[in-house]
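Written below as structure tokens is the structure these notes are about.
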Amino acid sequence: MRRTAVAATALALCATLAATSCSSSSSSSKGGGTFTAILTQIDSKAPINPYNQSTNSFRGYNAMMLGWSKNTATDPNKFYPAIAKSWELSPDGTKLTVHIQPNAKWSDGKPVTGDDLKLSAAVAYAEGGSAFAAIPGTAGGTVDVKVIDDKTVEFDQNATKPLNTWFANVMTMYVLPAHVWSAQVPSDIWDTIHTALTGSAADAKTAQDTITALGKKLIGWGPDKDVSAGPFTLTRVTTSEALLTKNKNFYDADKIAPSQVVIKNYQDNSTIVNLLLKGEIDGSVYVAVSQSQLDKILAVKGNQVVSGASPVQASLVFNESKKPFDNVHVRRGLAYLIDRAQVTKVGESSSGKASPYPAGLTAAQIQGWGVSTSGLNAYSVDTAKAATEFQQAGLKQAGGKWTLPDGKPFTVPIQTTSDFNDWTSGASNVAAQLQAAGVDAKVTASSDYATYLADLAAGKFTVSWWLTALGPSAYNIYQRLYGAANGWTLGTGGGVAHSAAGQSGNWMGEAESADVSGLGTVNPGELTNQLSQVPPDQQKQIVAKLAAFTNDQVPAIAMWDYVNQNFVNTNRFTGFPPNDADVLRQPQGVWMQLGYIKAKAK
Amino acid sequence: MIHKKRSLDGATRESLDRATNGTGTDGTGTDGTGTDGTGTAGAIEARGIVKSFKARGDVLAGRTVRALRGVDFRIPPGGAASFIGESGCGKTTLGRILAGVESFDSGELVLGGVPLAGLAPRKRAPHFRRVQLIHQDPYSALNPTRTVESILRDPLALRAKQTGQSRAWIDGRAREVLDLVGLDPGYVLPRFPHQLSGGMRQRVVIARALTVDPAALVADEAVSMIDVSLRLGVLNLLRELRSTLGVSVLFITHDVATARYIGADGELYVIYRGEIVEHGPTETVLADPVHPYTQCLLSAIPVLHGVEQPGADRLAPTEPLDESQPEDGCLFAARCPFATDRCRTEHPELGHLGGTAHEHACFYPQRRSVVATPLADT
Amino acid sequence: MRNLLVRLAGHLVRALVMIWVVATFTFFLIRLMPGDPVAAQYEKLVQQGMSPDAARNATRLTYGFLPTGSGWDQYVHYLWRLLHFDFGRSTQTLGVNASAEVLTGAKWTIGLVLAGILISFALGTVLGVIAAIRRSSGVGDALTITGSLFHAIPQFVMALVLITVFTVIWPVFPTDGNVDILVDPGFNGPYVASLVSHASLPALAYALSMFGSYLLTMRSSVISVLGDDFVLAAELRGLTRTMRLRYIARNALLPLFTIFALTIGFMFGGAVFIEKAFNYPGMGITLINSIGHRDYSTMNATFLLITAAVIVANIVADLLYTAIDPRVRRGGEAVA
Amino acid sequence: MVTAVEIPTGNTPALTPARRGFWRNLWRVLRRKPTRVAGAVIVALFVVMGVVGPFLYPANLPTDPGNAYAGPSGSHLLGTDFQGTDVLALLVTGSRYVLVAAVIAAACTVVVGTGIGLYAGYRRGGPDSVLMRITDFIITIPGLPLLLVLSTLWKYSNPLTMGLVLGVTGWGSVARAVRSQTLSLRERGFIEAARGLGLSTAHVVRKELLPNVAPYVAMNLLISVTVYIYLEVGLFFLGVLPFNENNWGVMISQAVQNGVTQTGQGLAYLLSPLVAILLLTLGIVLLVDAMDEVFNPRLRED
Amino acid sequence: MTAATQATTSTAAAAPPAVTIRDLTIVYRTPAGELPAVSGVDLDLPPGTITGLVGESGSGKSTLALSLLGAVQRPGRIAAGSIHVDGLGNLVELSAKSLQEARGGEIGYVFQAAQNSLNPLKTVGKQLLDLGRSHGVRDRTALVRSAKELLAGMGLDAARVLDSYQHELSGGMRQRVGIMFALVLNAHVLVLDEPTTALDMISQANVLKIVRAVHTERGLTTLLVTHDIGVVAEVAERIAVMYGGVVVEQGETADVLRAPKHPYARALINAIPRVSGDLSAARPLPGRPPTLGTIPTRGCVFRERCAVYAERQLPACVAEQPPLAPVADGSGRLVACHAVAVEDQQATGETA
């Protein structure tokens, strides 16, 4: 009777299916105190270690930093308190004294002390935190960490080469429980760190190797049981979700409304949209949706969108080592031909805004840095101006088609990657627009982003998509255009050296400097590097100068600024941050810490 | 539709001879050993052929089945030899070895006067080609997807290429061979095998064999799958080919009557477990078998009661062949109704019966009348 | 029994050789892929708002997990580690064992695949028998055409349709994941129910995309068995209809084992589609992610695991065959 | 079967002209069932679409971002895509890449699979072992994951490479099946006879074996086309293939990524290529039924 | 003729036939319409006799044999006529259930040796139990006991055979197992379809000996279907010759063999080479046996190959199929031939 047995099993299975289809919908609505959020990849095998790229230590929930950056466009050094209740930075910016939240306790009840911070810093050295490089003479490196008392810790910066980014880098240090982690870290770690920073060359080398080896060992490690100083502790994790339970010992536990948080895996846009359409998500990170999806999502009861500016911009950048794109007139001409509003509509209709000026800055950044827009060219669509520019570059128009001076067709190969739908859609629209204007444009796509990046770095593409204006710091923003990708690297002497197109990763192939009317000869890489060293008011001038330079030279045509679009649902929780709140750029765990998100009264 | 066999007119015969001679010179051209197309060209001689098979499905044990244990025989050109025995006695393997589709472990094969032992496999091929196998199953022996014309054309085209003949020759020859086997070319040529009866199919198979002007045909149970009423036609054809073309015929069967019909004037070999146990002129062996195995075999032939009377010494049927029976002594001892202790321990060799051509391998040869004889009054 | 062991030994030897070949092939193939894990990680970090310097620092550690030395040295080292069942460390979840990564996903994939096979097998064979017995009627024709169509319709189309129907139009099934995290894990009703409800759509997608091929194979197999003499013999001996059907089914099932082995490979391959569509965190997702992150160790481990699954399926199919078919089990030859 | 009655397939087994043209023969077989005719018409339609279709439209299709995701209307019979391009135009111009790649892949599969299967089955022994180990490898190595990796290596800029890559990874099971058929055919008398007649291996393989595996090969050719279309489209769906030309896979991928399954907006954009593929599949499935009769003279008779 | 056959023949004359077939017509549905494989056959199987049914392929003999179990396979069906089996009634009218019980119960069937009549996946013993279950046999040990007795009686190691699979049995052994299956439930009618085809001479002789033995021992009514006249001659008392779906001659075996009346029977017997006697006596039969589609629909089915027709061209041969009628010599022989009928008439006319 084997066949019958199979049939019986199948029937039984069907029965369970029928039974569970009801229970699943009920389970999702169970527990009004459960806040459902979406985060990036979840991996059940990942360690509870914030340094790991895949981690079960979620920032703002069970992973705490010293402070939460406000991510403001102009001043990256603005922070909300987190583990650090308050702090003092010495006027020269080299000494930071941190005062730990007096009530801060780990979820197992032990208090958070200076020793925890000191150990955290040691781990940061091992794992390669930006402010914690165990290499002598690193600009903006921390040289010592001193525990003043149980609740006070002092951080010292390399005084010879200070950077204004150091403070932010220290403040974003993860705080780890020493009583859990110390078993993994040798007790003489600080001796090793000091040797690495100040010892003789040979000793330093050995010490650095020791630290690197420790880093390798630690990166894959995490405690079996989560010990968190944040508002939540990790209860369990499946391959696609993580469950966090409220940490009663959290110093601001009163502010935390949800009793537990479910974090969902952001694997695929469409599954997220499905969840949003079911109204199951209480707070999402940025989700790219089409206009029609947005409409549909917002039609679901309780769903709302909270949006703010995002320091990210999608641009088309030129590889200037390829002719004729080395000619600024060609680049300008193309900028005049592309209707960026239309590209945005096709590519990123709901969560993008057409960039007003190609200047390497988003609209919000232009405003934030107070860059005068009067001097910026918007490159509004203007065929006549485009023609003038093209003619200046020696291009010829024949039968409605533009050709190169030598008579060959002028082709614009636009590279995109299949991984990003908005880029591909946008690219086809750009191509369509250019074709309509007599420029032979063609879209090709790399199969995945990794391939895209590899080919990009190898200088294989001519015109390609690139994320620009990646802030918040001005230095970071212009690093995207005038950093290593364009040949400017920090020399040993602290200055900036430029390598020729196609060398040392210079795939954009920009010239080292260019003459810009009204600005004279500008070396943008040099200026960018200065951004990391000068105080904010001086940064402002440099940003204005770089914006003007970028606007004039058009190494990239900015298409759209991304809008940081967070979906929230007010059925279970209320009190979400308003639009444009700086906290929107932090995870919802941080929102809660700052007093947002309240249980909805029934 | 099998039209009455025409006697070969002069022209056909002449062309046949030419073709046959052509083959002969062709054969000598490649290997340098002489056949003159007359005398011994078709002689087939086997000496001590041994063949073992590995039992399938048992790689490690390596159990081997001995299909042939040293078989000797000689068939003159145009002669006939019949091999009889029950299933599994090795007779089919023997036929396949002669036709070159099966290899053999040891022994010597002489085809058309050429010993094959020293020849490279490539050089052997033309000789083996002169021995054509007629399969038991005419249904599988013809490619179902091709017409008779195309089936016959291929070997002829090959021949034409070798001898520089024209297309017309191919067409003519195809018709000729069909004529030879008693088929109407106009009817048969455009048809697919499934459109022909079993008998016609077997004739096409024979016609195909004739395209290479064979010296010998090996007919393995060639009529067992053909309807009773059509069998005799095919047997007659084989007989005629012997006389008209001088083709020798090796007839392999378990049906003694058909063996007799084909080779009454030839030799009869009785094979048992890979060994020849009795051999002699067909009629002699049938009339006076001396080996108990032959006698059992002949006793098993059904008697047409009413027309025939059973032989006086007809033996009761023995148990069927069992390969696991002991191999020392006489191979037949275990089933033999007359076996003695000597039979079970000592192996009898093939020897002549009282100086005649009649050979046997039995310690106690005794003539027994086991075959049915026609009733006097019919 | 000895027969069985000999077969098993032969299988194992071939399996090892095949695993070595696949391991070698994938090792070199994967290293031909453009892009590297560090660059992929760096961009991701920068896009998440990390400063370029910080991102550079953070990714520096990844270098430590990349193999060094010449290609040949790497290969030898890789094989040596394979012999110790060490598949290397993931660069995506840095420092974690690649095998652990893959096995976590594989667990779920295997569950889905088995469920899919079970459903499709039951559905396919039953319908196949009907299609064969009613082959000269409209029912048989319809079943055959349906089978052929479903056989042709790929998993991702099936998945798209199921998702649209059961999660958007008629939302009765969960859209993503493998289990509701809020349910306490363990062998309890709600947990099992949650597992089943999450697995049902993907398993159904597998089943629907597979049953066609079982149906077609079963149909032709039954038709061929129906032509076997023993079926008529059974009828003429007066065996009841049920008894005869059982004879037919059991004999007709034999060729399906071979198909079954082929199916396994196909289904594991299809895991990529199904899991992506349902956001079901199995091996397929692991594979896509590892490719995207150029996580060499995990990719290699995934390939080897799928290969091993196919090989094991083949062996299982053959052993099943051996167990069911006495002709194989009890020596290959008849007595006479 | 015991039934000894030879059941004729038609009224008279009289002369069937043997060397009737292949096409006439095909037509005769098709005409027997209306489903086959339907299948043939559908397949022919798609062939015409792939061959002629792209010439009916300009190289660069016009866009109209103001009219994106429009539903079917008079001016756009199947609606528009994400930038207002006519879906029908996309469908027609996109058919060529997909069909050409699938046909090349199928041809590749069948040629390589049949060639290797025939040779290995006929030769047996050493060459057989070697070839079958290679075949095992092709079968065992996970196909789709392999394609995922290969898709990062190849640019698939034209359907030829696409087809070749697909075909090269997919011939294993055909080879294995053809081999086992060949092994059993080899036991048939006519192969032995051909060898006995001194016909060359090439002849035996080409003229004796091939015609007998032809129905299987033809069916596989047809079915492989659908399989490869789906595989291609599936890869586009996964987003691992770069889209360089209009093709159905890109359409499905774009539609899904734009959330058509969730919002229903632009449904025609998603459904058009899907329905096209399903229709083609149906056509092929209906046509496959005839292959046995086309190549087997025994079944061909009226 | 042996004493035994004489004895059974004499009882046969007295008792009513165990199987009576009347006007049986079996048609097959083909694209060309329904074609008869068996047309208007009358056949009696006297109890306790072995009747040999001889014919070539396409003669309808196997179809006729199957009809004795009510098991004509689709697309065939019994179009007309009746099959009365002693103790069962008219098979044509039996319900499916009763037919199923009759098969293997009252009527045993033995297959051709070359055919695999056993389920390859089950041992003989298991299949025996399946048989018992299908026929509602309660006492399994008794069933096994009688199977063992039958097998032992046929010279087999019964225990080993019951534990064997089909592939472990030789052709001759399978055939004995087949006979065991046919008789284990005490059938009284036995149908043997080509029981020795594809067996070699010695195995054939063995099987025939067994058939003869069980037949006598159990007092069966046996129908032996074969193409081999020698087989019939060896064991059957009566012979019926079929051609083109029609019984053309029927009578005592020895009589028919000695002096066949129907031209086909005569030609068939003459076409068989013998091991002794004059070789040239064998004569080939021209033409080919008809298939379902080529059986003449009008006139005598054998006309096209008939030597008598070729010589005498009787108009009746073209007009209609001659009925199977007794010949005038009073031997009880039945022949379906216009020429024979004419001769008889002339003969009786002369004597009258």
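List of remarks:
When the chains are written out, they are named A, B, C, D and E in that same order, and each has its own residue count from 1.
Here, a contact is a pair of C-beta atoms (placed from the backbone, for glycine too) under 8 Å apart; a residue touches a chain by one contact, two chains touch by 3 or more.
Remember, predicted model here, so these are calculated numbers, not experimental data.
Each chain gets a centre from the mean of its Cα atoms; the one farthest from the centre of chain D is E. If you compare A-C with B-E, the chain pair joined by more contacting C-beta pairs is A-C. The distance from the centre of chain D to the centre of chain E, each centre being the mean of the chain's C-alpha atoms, comes to 52 Å. The distance from the centre of chain C to the centre of chain E, with each centre set as the mean of the Cα atoms, comes to 55 Å. One inter-chain figure worth recording: chain A and chain D are separated by 46 Å, centre to centre, where each centre is the mean of the chain's CA atoms. Touching of two or more other chains is recorded for residues 57, 66, 73, 111, 115, 170-173 of chain E.
Multi-chain contact residues of chain A (touching two or more other chains): 274, 277, 419, 448, 450-451. Multi-chain contact residues of chain D, defined as those touching 2 or more other chains: 1-2, 13, 152, 240, 256, 261-262.
Against chain E, in their complex, chain B makes its touches with residues 1-2, 86-87, 197-200, 227-233, 235-236, 254-258, 260-261, 264, 286-287, 296-308, 316-321, 371-374, 378. On the chain D side of its complex with chain C, the touching residues are 1-2, 35, 136-137, 139-146, 148-150, 152-153, 173, 223, 226-227, 230-231, 233-234, 237-238, 240, 256, 261-262, 274, 277-278, 281-282, 284-286, 288.
Listing the residues of chain D that touch chain A in their complex gives 60, 62-63, 65, 68-69, 82-83, 151-152, 155-157, 239-244, 253-254, 256-259, 261-263, 265-266. The touching residues of chain A, counted against chain D in their complex, run 269-270, 273-274, 277, 289-290, 292-293, 295-296, 342, 345-346, 417-419, 421, 424-425, 428-429, 431-432, 435, 443-448, 450-451. Considering their complex, residues 3, 6-7, 9-10, 13, 16-17, 19-25, 27-28, 30-31, 34, 40-41, 43-47, 51-54, 71, 127-130, 133, 140, 165, 169, 212, 215-221, 236-243, 260, 262, 264-265, 267-268, 271, 274-275, 277-278, 311-312, 419, 448-455, 457, 467, 470-473, 475-476, 479-480, 483-484, 585 of chain A touch chain C.
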